[in-house]
Structure formats: C-alpha cells, structure tokens
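Look for chain A in each of the two complexes below; its partner is chain B in the first and chain C in the second.
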Partner chain A sequence: MDVMRTGTLSTSGTYTPQRNWYALVGWLFLLVYLAYITSLFDLDFDRFISGLDNGSKFLGRMFPPNFTRYELLMEGLFESLQIGVIATFLGVLISLPMGFLAARNLMPPWVTWCARGVIVLCRSFHPVIVAILFVKAVGFGALAGVMALTVASVGFIAKLFAESIEEISLKQIEAVRATGASFPNVILIGVFPQVMGRFTGFISYQLDSNLRNSTMVGLVGAGGIGGTLFAAFQRFDYDFVSAILISIIAVILAGEGVNNIMRRIYR
Partner chain B sequence: MIIPGSSLEERQWTRFTPLERIFRYAFYVVICSAIVVSLRTIEVIPEFLFDAPAQMVDMLDRMWPPDASYYPETIHDALVETIHIATVGTILAVVLAIPIGVMVAENVTPYKPLNWLARFLLVSSRSINSLVWALLFVAVFGPGPLAGSLAIAFRSIGFVGKLFGEALEEANHSTIEALQATGASKFSIMYMGYWPQVLPTFWSILLFRWDINIRESAVLGLVGAGGIGVALSTALELFYWDRVCMVLISMLVVVAAVELVVTQIRKRII
Partner chain C sequence: MTEPSKYQGSEIQSVTDHSLDIRNLTKEYTRGVPVLQSVSVSIEANGITAIIGPSGTGKSTLIRCINRLIDPTEGDILFRGKNLAKLYGRELRFARRHIGMVFQEYNLVERLSVMENVLSGRLGYVSAWRAWMRKFSAGDIERAFSILEQVGMADFANQRADALSGGQRQRVSIARALMQSPALLLADEPTSSLDPRTSVEILELMTNQAKNLEIPVMINIHDVSLAQRFADRVLGMANGKIVFDGSPSELNEEHLKTIYGGQGWMS
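Here is the complex of A and B:
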C-alpha cells in the first residue's frame, strides 16, 4: 500500500502532494459501483422516506417492551443457555483429539490433512445452515441446535488448538521423551501444560460465541429462544420482540461478565 | 506466594494464594454443574436420536446427485446478489464506523462521555445478531437486498469500529507530537498523522470483515433479506434436497474463492 506520501516542496514553502492515481481510480470505481448498486437494489428517495416512516411506527410498537409472557421467555432463554453450554462442552471434547491430529509437528502429513479437511468442512458453513441440516436429521428441538453448534465449535476451536500446538517448544517434548515416556505421557506432560493457558482462552471465547448463536438457531427450528423470537415477529407482537431482544442482550452481557471473571481467575 | 519458614529450606513456594485457589476450584464446580444440569434437563426425544443416522443417510440420498440445472436459473443471480449485499454492507459499515472509532479512541477524543457513547453504540451493534438486524430491517424496508445490506452494515459497525479505535489508540505518539509542534490543525493531524499509521490495519480489518460478511449474508435470505439464502429457503420449503445440495456446493465454492482473493490481496498490499 502506498503509505508514504511523496510530493515537492517549493522554495516558498508550499507543499504540493503528488497526485495519487491509484487512489483516484479507487474512488471513481467506488462511485460507479455505488451508483450501479442503487439502481440494482431499487433504491430511491421515496422508498427511503417511507422506510423511515415504517421504522418510526415499528419502534413505536416495540416500546414499551411487554414482559407479561415471561414464562415463555425464560423457558426459551434457558434452553438457549443449555444448548450453548452443551455444544461448547461437546465441541471441546471433540476438538482436543482433533487439534492433536491436525498439529503438523506431532502427526504424519496424511493424518493432519484428513483432520484439517474435517475442520475446514466444519467451519465453512454458517451455524444456522448446519442447523437446517440437523433439523432434517434429528427433528425439531434442542438436539439439532446442540449438534449444529458443536460442529461450529469444532471448526473454530480445533483449528486454534492445532495452531497453538504447532507453536510449542519441542525441547520440553524431547526432555519428556528422553525419560522414556510413552506417547500419551508425552502429550499429557510435555504438550498439554504448554498450551493449557491458551486453550482456556479459546474455550471461553467459543462459549461466548455459542451463547450468541444459540439464540439464533431457533429461527430454523433448532430450539432455544430464536423460535420464540421468530414466532413473535411473524405475529407482529413487536412489544414481545423487544422484550426478547432486551433479555438476549442482557444474557450476552452477563456471559461477557462471567468470561472476564474467568479470564482474571485463570490469568 | 511464599509461605515463610525459619530457614530458606523450610519456606514453601506455591503458585496461587489460598483465595485464588478457592476461586479456581469454585469455578470448576460452577462449570461442571452447568454442564451436568444442562445435560440432565435438556429436552431430547430419544426416538429422534436413535433415528438420526437413518435420517441422515436418507437426507444424503435425496441430496445426491445435486441438481445442476438450478444453478443457471436461480443460484447464479442470488450468489451475485449475496456478494453485492456483503460488499455494500461492508462499505456502509466502514463509513459509519470510522467516526465512531475516532470517538471511542481515548487519545484522539479526550472526552469521557463521548467515549462511553461510542462504546455503547459499538457494543449494541455487536450484541444483536445479523439475522435479528435483518428481521428488523425487513420489517422496516420490506424484504430484499436493501434490508440485507443494512443488516450486514449495522452488525459490522461494532467489529470495525472497535478494531479501528484500538488501532488509533496504538498509533505512535511521537509523530503526532511532531505534527502538533508545527501547529497543524486537528484535521491535518488526523489526515497526516493518524491516517497513514492506521492505514494497513484499516485495510486488513476491511478485508477480514468482508470475508466474514460473505458468509453471514448467505443466511440472511432465510428471513427474506435477499441473496442466496432465499434460494436455499425456497428449495428447503419445497423439499428439493438436490437443489439444496447445489446451493450448498455453490456457497462452499464462493467462500473458498473469497478466502483465496482475500489472502492474495493481503499479501500484495499489507
């Protein structure tokens, strides 16, 4: 990137920057693209104004939030939390061996290639799309959500596990091996302590992300508060929608708080 | 921590204070009980679980072979629309996030209330999932790619603004001081002092978010916000699993291609 600015400084002290042709072409291209998009997306001023009008009506109907059906709300939220926690737990259980299998410094190439292929496949689809497939396979309900988020967790944590295992110091492994330790012992005594700190960081991050996503998989019928949210949207119960959204945000913020405490304890 | 003794040999060294140890054990207990409670109370219908492998095989059977004729008639246009949604959303997010990022950086904006306001905006943008943003914008602007772009934009503001603000806070102060010493105006300090320093980070944030947005915009169609998700949900609702498979394959190809493009651009410019 052209970070350095070049130009000429005249004797009278005025600085004339050199024209940056790349930037100029970039701006032109951006303008043309945006003009093309406005026509493609059928954007015009009237639609924008009527949209703002709709928006104000919509916001008016969202407030005040309606918490009268709090039992339904709590039930959905609790299920979302269950999905998030179980999916993280299962994801970590599967990711630990997967991470070791995918680490290039511990395993032969053919093993790491297979493991990496599985990990990439797990990561390539949005959790909601994976949830659709599991809803077909195991029916509506929390189980599909758990499986979908487990897949997403494996895609993320196993990759990071493998990367941090690849960065460990091999001297300690060699020292443990020199004592005649077996392979499981090498893993347990040589590798594990070196990566444990980073693992807890990844796990707490993934728990956070799973809690966020567990409120969404319900949109496709995979359990949790998302189903309630979507139903409320379709029935135009916008005051209930805002109540649900406020509770989701509260849960996510609480989760972030717990995460911060956890990070402080396991520094 | 050191537990003192009369001589050096009798001293004991421990890694944690007793309070730290209590907290650690308490946290283990909390985690284990959360897992156990969740596992025991979650509603799983056992018949569904035993049935899963058979259903899975059935689904794969229906998916294969993928219906290639669906690509030219529907998927292609929807894919292009998805890429447009992600791109426009990212551009819009950057335009909206730069002022918020400037506001959140404490060294650029030394006013606490403004910092807090900006931080609140960023957190609320990130806490709401893009699907929920999409639901809201579909209700406001009607179904279509416009709602999708706005959803992507509003979801991305939090991410872009936070990282941009952090990059500004990490900027080297001596350059800024040198500019201040020449009597440069606020704008000149921004443009000649901070901007060149954060430019590489800016590009890498932009590319990273664009990559994420391509994936995210693929699902927005499930709630009617345009893009490939519309094709996916149509195929799903009609139980055309071979078409679903074709949609998934096309998504996979696009995601892989985008990742390739992003790594190439990153190598060239950063």
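Here is the complex of A and C:
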C-alpha cells in the first residue's frame, strides 16, 4: 500500500490530511509580527480621515487641468521621451554583449563572474539615485538622465538576456559547431535565432520602463518633464500639475501602442 | 549531383584519402572511469559501418570524438592526413567542414527556415558578416536546392524547421550534412526517434547518398535488424570496447549476447 506524503490511506479508505505544523506556526508568527510593527507606526485613524479631507480639497484644485503653458509642457515631455528612447537604445547596445559574456553556458566562469558583477552593480540602485550621481558628475540636464537610465537598462536587460541564453537548447548549437562554423557563426546561427523572440519582449518592456523613469529623473535635475512637474508642485500650480500628469499618461499609452506594433513586426 | 572535389577545389587526391584510422581512443568523463577503453579501428574509404551496443557503452562518445564535439582523453584519430585528436581552433574547424553529422534529435535550428538550415552546412566557409546577412553565393543556393530535391524536401524550402515532422526534419538534417560536401558522414542514432517505415527511408537515403559520393558512413544504431540490413560492416561495442567486428551475416546470437548481455530480449 502506497503511503502518500500528503496523508495516509488506511485500509478502510478514509483519508486524513497531514497538517503542516511548521507552516501554521510561520503564519501565526507573521501575523503577530505585522500587528507589532503596525503599532510602532503612528497609524492614527483621525489622521487618515483628515487626510482624506485634505486630499479631496487638493484634487479639487487640480481640476480643471491647465494647459496654458503647453510649450513648457511639450518641451519637457519631448525631452523625457528622447531620454527614454536613447537610454533604451544605448542600454540594449551594451546589454547584448554583456548578456553573452554573462551566459554561463557560453563563457568560462571568470568572464561570467565579472560580467554578472557589473550587471548587479547597475541594477542595485534605483534610477533616481543613479541620476543624482550622474547629475553630480556631468551636471544638470538630459545627459545625466540618459546615462542614468542606460545604467538602469543594462542592469535589467543584460540579466534577462543572459538568462534566456542559458535556457537555449544546446543541441542546435552542437549541430552548427559540427559543420566547422566559427564562434561568431555559431552565435549568429545557433544562439541568436533561439533568443531573438524573447529579446524583443524584454526590449519593449524596458522601453516602457524607461519612459516612466525618464519622467522621474527630472526630479533631481537630470532633464525631462520631472523638473517641470516638481517646480509646478512647489509653486502650488496644481492645475498645471494635473495637466502634466495627464500628458504623461498619454505618452505611456502611446508607448503601449508602439510596443504592440513592435511585437507584431518582430514576431 | 556535382562531385565534392570539383565543387570546392579540395585536395582529395584519391579515394583512400577518406579512410579513418582510430588508434587507442580513450575517454574518461570522470577520472578512472573510462567510457571508451583504448578503442582502435580502421574504417575504409567506402562503405557503411554500423555501430551497435547497449546504451551508455560509448557509441555516442566514439562518434562525437571523431569530430571533436567531445575531446578524447587519449588516442589518435587519423583522417585525411591529419590527427583530429590534436587539432585546435581554426585547424579543427577546417577539418570539421569535411565531416557531416546527423543527430538523433535532428538538431535543426528550429526558428530558421529549411533553406537556412541547409545553408548552415556552409557556415564553415562564410564570414560572420555574410552569415548574419545570409549572403550565401548563388552556387551555394543552387546546390542547396538540388540537395533538397534529392532528399525530397524541395517543396518545404521556406518553411520553418519547427513546422516539420520528425522524418522531414531528419531529411533536412541529412541535406545539411550533404551540403558540407563531406568526406565522412557520421550519424548518431539517426532513426531512434522515427517510426519503422521512416527509419528505413532515412537509412536508405543516407546510404544511397553516401554510395554516390563514395564516402564512408558510420552509423550508431539501436535496431540490430536495421543495422544488418544496411551495413557492410558491423562493430559491436560493450563496456567501451569493440567486441565484434565483422559483416552483418556473421553476427549471431552469441555475439549479441556478448554485446548486449541478457537473453530475454532476443526473440
């Protein structure tokens, strides 16, 4: 008679599920811990209510959105767009070789360790933090933004590239090697066709991510609409703020559309 | 069908240049546990040699050592005036160009078309740039079509490899091997994944083509009756050594017992 790990079958045919006591204790502990840390925060119900009231007043001042300073808005938006696109392009350009160097099924360990180290470094910090560093280094403006987002892109895409390369079928590569193909030819014909589909997926995801992040890096002076948004906020121009927010949503939606077109073309 | 020597200006002086001489070939994946134990065998310049034996006895290892998809621990492999076991880098690739291989699981590049897969047989001769842009010469393309014609796959030239059935894929894979104008054809269990009738068709195709080209063929095969039907010479392997070497008619039950062990499987 088989003894199943989830329970036991007795000869009379009844089934008693085995309880995982460790898991239960874990959950209880988690609940107690959550209760404890929430008590540490100053989570006051009154504050929440007055906050709601303030919030509605604040929303009221945001509508109707004010597009009168649309030139400033467009300028900032275009700059963000350009930062996003250029950063994605540069990021992909760098990530292609980086991804190959980090692939453990293609490269010796010392190479993959170095490449992965660099990728982890790029990925460790939020793009805004990296933008602060670059603003300090190269000054205010779009260049810092592009560099920051390129770093962020490399940190993300190169890792995903490396992982998709590690998942390919080695049988196809074996056959290409057997024809006497050179290493570049093996990569081009044996590896590339297997990973291109996934690569385009990652690239379009990163484009969207960079468009969103490019609106943020402006907050620290790295160019784009973020600076304008922050300034408007500080001057209490909430209707202009809402205009900017709506435009950002429009850009992201447009990005979605481009994304879909890209996928259909590169299928 | 053009003859290989005319087509690529190779230095084949005489038919005996095609003979393969394996001496004391040893392979240990883990030290002290040899999978191939000092195997020595000489293959003539013409004819079908079938290698039979139980799984894990080193048949695949032997075949793959010849074109160095696996590196032997010790031993020499003399072919066309060179010792394949001692070649590296470019010289190895140049030698591989003359050895065509057919695999058990076809090993086609799935996402590429049939035509591109067949043309990849010429990858040992084209630069990375031409491979990337798929700029193969008109002579190559014409030849590819003619080979596809001979294997019966001319109508499928533009179909993606993953849209084909097993037998069709194996035909394309034979076309790819033939595209190399090989001086030696290796096949690692080419019919193990195919139904009985397709297996016979594939073996007929391979053996006829090889006879036309007057090149030796080495086939790993599970099915003893197929081996006896198509081979001129049978090598039986057991425990990494060759325990039978003779014509198919000489293979009797005693030999099969030595090779495979056990009795119950023989009808």
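Heads up, the rule we're going with is that the second predicted complex is superposed on the first by the 223 of 267 C-alpha atoms of A that agree within 3 Å, B and C clash if a C-alpha of one lies under 4 Å from a C-alpha of the other, contacts with A are read in each partner's own complex, and residues count from 1 in each chain.
Throughout what follows, a residue touches a chain if its C-beta (ideal position, glycine included) is under 8 Å from a C-beta of that chain, and two chains touch if they have at least 3 such contacts.
Bear in mind that the values here come from a model prediction, so they are computed numbers and not experimental data.
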| item | value |
| --- | --- |
| Which of chain B and chain C A:221 touches, first, second, both or neither | neither |
| Which superposed partner A:189 touches (first chain B, second chain C, both, neither) | second |
| Superposition-derived comparison: chain B or chain C, residues of chain A touched | B |
| First (chain B), second (chain C), both or neither touched by A:255 | neither |
| Residues of chain A contacting chain B in one complex and chain C in the other | none |
| Chain C - residues contacting chain A, complex | 67, 69, 93-101, 103, 105, 107-112, 116, 120-124, 126, 128, 131-132, 173, 176, 180 |
| Complex contacts: residues of chain B adjacent to chain A | 20, 23-24, 27, 34-35, 38-39, 41-45, 48-49, 51-52, 55-56, 59, 84, 87-88, 91, 123-124, 127-129, 131-132, 135-136, 139-142, 144-146, 149, 192, 196, 199-200, 203, 215-216, 218-219, 222-223, 232, 236, 248, 251-252, 255-256, 269-270 |
| Sites on chain A touched by chain B in the complex | 1, 3-5, 30, 33-34, 37, 40-43, 47, 51, 54-55, 58, 79, 81-83, 85-86, 89, 124-126, 128-129, 132-133, 136-139, 141-143, 146, 212-213, 215-216, 219-220, 223, 229-230, 233, 238, 245, 248-249, 252-253, 262, 265-266 |
| Footprint of chain C on chain A - complex, ascending | 169, 171-172, 174-182, 184-186, 188-190, 193-194, 196-197 |
